[in-house]
């Protein structure tokens, strides 16, 4: 049988200047790692064409155990409240532990 | 060289071509990293070139140029901030963020000005290049101080502090220290200063081997870079309507103010010739679209990026490249004759 | 408590010439934005190596409220019926609002 | 009505040298295709900065019918057991057919 | 220069190297945007170069070249469409999509031909370059008309119209207008024509500064570009089996037909020398793999991209680069002697 | 040229600049594909250049160079493996993976050495370039054999074979065949050998058109490449602590051992001059960071990539570029005088 452990996948879409901030949060929350993909898009803060350093987005993924979700979201909500534009969403995933 | 003459420089024509391609909604797309690669090349090439020239420069003069670059970098954002508040179109935080862009400089505009002077056969001093490197950072600091001051004023008038208050208190000094660090270790500043130092200390025989790379393909790379910047500038014009005519005219007036400051410093204070003075005018007139935007996004998240990006990249950059540079050259010639 | 609102994440994988068509659909459906990531892959229409303009894919993401899903899928199904090759799937996500 | 078929989305995050191995597995498992996105990140095997060939990750996606999941996971678990570092997780998706 | 001579041109050898690397399943991989960057450079360089030459050209001749480019662009897809239907291996919609590729041109092939002529020391007129720019678009329009006509025939024979009928009705004119717009604002067309105009209007002194970039590194960039195109061509040969021997031989015959049309136009109608005639033959012979595929994907989604991409990129492009160019040169020499 | 002289070569200074930029946590970031593009250029340029020179070389000597390159490639990993096991800091599988890196070579280091010799005005033979191409692969094979042998030893001592045993059994020969294939069709090997062949067979008139690309911009491209490699090297120094002082000193000692082997082979066996001997020393001293790491990741997944990447890229590469090259040159001069 496969060991599929239910965890949470948190995805953050934001301008790439926030990368270091997000990595710091993930480290503080003791996640086992993170994955970053380059993205572009549009939202309430206009088009992010991905052509210049100043308008490139990242899609930032963190898989965390269910009990770690709340702490992570607290920090992200803090950022959003302080005016940082980002799209954050959570999905359910089953992680293969071998 | 007249304004029309400027328009017939290939580099400026490529800017126009890129602009046109977006206007007619062409599907011309550049690879996302091309602009970044070209600008790394341009910074390194101009740094090596200028550093080599500076190796033979007078120390006192270089020092004086650095000093006045800092003065310009501190003074211009204050002027911009006051003008912006006077328009009553933006709140103080947005004004601070925008003003920081105008105190800083645009390497792309500066390099285009060098191409313009080369084409027109005008000589120029190499000191303005150090000023370019120096001027990237002070305006960021002034911008942050203005933002922090505006935030405090907002808190004072609106006693229900809430989240914004929290930022000031928990952030405070540590944040400022980090932002100072960021301003001084900014990537393009390091690349430019590093290349200048390398150009200055390397043996001439070693530099000679670099010159085909640094000199001969320079103009061609600049053309491709401006082609892409033309497309990026045109991408912003959809935002003009959101921004309003008053702010748009700030994007044209502020460069003129900056250019005047620059001419005064270049001509009267530093005693440069027409070429050097034109370059200092360009430093005053140009607005950053590389170093300052990320700094403001991080430190002044309350400001709307559409405002400062549209102004700096969509209005001031094209204005300087097409109209500004020949105009500042003309003005520098006038002042020199006076 | 976090405000986690259940919404739908629609992901479309297609050749990148369809980007403008997809953006137009998303605008018509009044989604609040979209995110695009460059991709490559293979499917029924062969390998998309991502090396040339003509064989690069995009992964196109839209988050929409549950009630907007049906209209969006209608348009996408229309495209598929007219012969446009694309892989479309929907997942459940919880979007952080505050 | 839309034909939304419930399937499984398997996502694998790994160093990009494993790409050929993953494609071979997907072909063996008779999946209808796959999608690859370039990524970077950090995990138990250190930072993958994405700057050099040797430290670039990929995010590898396969959509498969529910009954195909077990065979695919078996192969992936086999790789993991043999020492290949990778993050594997499964999510539920509804695929638009027609 | 013999066929063997051609094979010893570095650019062609790099094409072979790329092809070989894929055949032996080497893990050699190029960064995904390299081909695009190199082709932007090649288009700009050849445009500037040709535009500068055209600045001194005869207007009447240029006009005549444009006219005949349009004639070729309209005629060749019709010939291709008829041939394809005669093979009975593809339905009319696929035939229309494939035919459009052969009426259009491949800038990569054209540039390789220029390198071949330069190497062989053969002079050539600069008019074929305008023809290159002009010929990208007409074939797209013919292809779309053929597709739309085929679709209507299919509807007539299959009265249960359904979805396809809907496209014709609700799409119709608006769609055609958009596609015409797309054909004329196509990225590579704009880049090429734009660079030609810039090359023509810029002052010679300004152009001189661009020449190291435009001329000296040209051959090296072409080598890297063909290295990558060799890999891309070889990537397609797995698809040969799916496509079948009849279609594969269309991919070799159609270039010969196109080259003959080109030689007739170049030699007899326009009166070019051997070099210029060879270039027009290459325009006739080459098939687009940049501008036409996306247009067909968007407007003729029913057609299978494997067909037109494999034919254009996997068969016709290598055939032209390795065998075609020296062959057309040989034929042009024969016709000129006759 | 003294050590200090080496440090004032622009290329080495750019390496230092990149290193510094990461140390001070500058936000300078290079586009992710830039290093790859620059190294494709460098391999092609050096291959064409060397192939052209080799076209005039003695066959017997070339053959002898190839032979001794293979000898070095087989011998050095064995030495490295023994040294590593003697440190008792890594298990045999990690030792095998690390050793393979040191038997192979770093094209970046070799090219920097060429720039160093050019700057110092030292002549050198062109044979070491073939040795560079040849030496990429043998060490991979030795590494795999060592790993497979270590795995068997581990199985023998730990009879509960489990998964690891499965690999040996079901993988075995097929896997080895595949890895041999991979070693010989490695991308950079093909690019280098392919370019050398093209440089050797192309007509001189054709090669002349390539020289501005191959020669003149070479130094500039090398500077940008080393700028980025400096950043990548510095990125690894955080890992030093995890790796420990013993392994770190292996990263400095092993290049010295390799360089001595190289000097013996270059000077005594092959009879090269000081320049050629220096280059063979660099081949012995340098560790692969392009071809070997992916091969080890695939074939020896049990080994920890942090070990071999940090050693090869974070320690040995900077050591060779900054200290090693001038040191080996100095030693080669000593030996030649002896």
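The chains carry the letters A, B, C, D, E and F, assigned in the order they are written, with residues numbered from 1 in each.
The criterion applied here is as follows: a residue touches a chain if its C-beta (ideal position, glycine included) is under 8 Å from a C-beta of that chain, and two chains touch if they have at least 3 such contacts.
Worth saying up front: this structure is predicted, and the values here are computed from it rather than measured.
Hopping across touching chains, the smallest step count from subunit B to subunit D is 2. Graph distance from subunit C to subunit F, where chains that touch are one step apart, equals 2. Each chain gets a centre from the mean of its Cα atoms; the one farthest from the centre of subunit C is F.
Comparing mean CA positions across the assembly, the chain most remote from subunit A is E.
Of all residue numbers used at the contact between subunit E and subunit F, under half are used by both chains, marking a mostly different-residue interface. Centres computed as Cα averages put subunit A at a distance of 33 Å from subunit B.
Separating the centre of subunit A from that of subunit E, both taken as means of CA atoms, is a distance of 45 Å. Computed from the mean C-alpha positions, the centre of subunit B lies at a distance of 42 Å from the centre of subunit F.
In subunit B, the residues touching two or more other chains are 30, 32-33, 36, 212, 216-217, 294.
Shared contact sites, meaning residues of subunit D that touch two or more other chains, fall at 37-38, 50, 53, 81, 91-92.
In this structure, the chains touch in the following pairs: A-B, A-C, A-D, B-E, B-F, C-D, C-E, D-F, E-F. Those residues of subunit C that touch subunit E in the complex are listed here as 15, 17-18, 21, 45-47, 49-56, 81-85. Contact residues of subunit F toward subunit D in the complex are 30, 32, 35-36, 163-164, 166-167, 228, 231-232, 235, 239, 289-290, 293-294, 297-298, 301-302, 304-306, 309.
Those residues of subunit A that touch subunit D in the complex are listed here as 2, 4, 7, 9, 23, 32-38, 61, 63, 91-96, 98.
Across the complex, subunit D meets subunit A through its residues 11, 13, 37-44, 50, 57, 59, 70, 73-74, 76-77, 80-81, 87-92. Residues 5, 8-10, 13-14, 17, 20-21, 24-34, 118-119, 212, 216-221, 223-224, 227 of subunit F touch subunit B in their complex.
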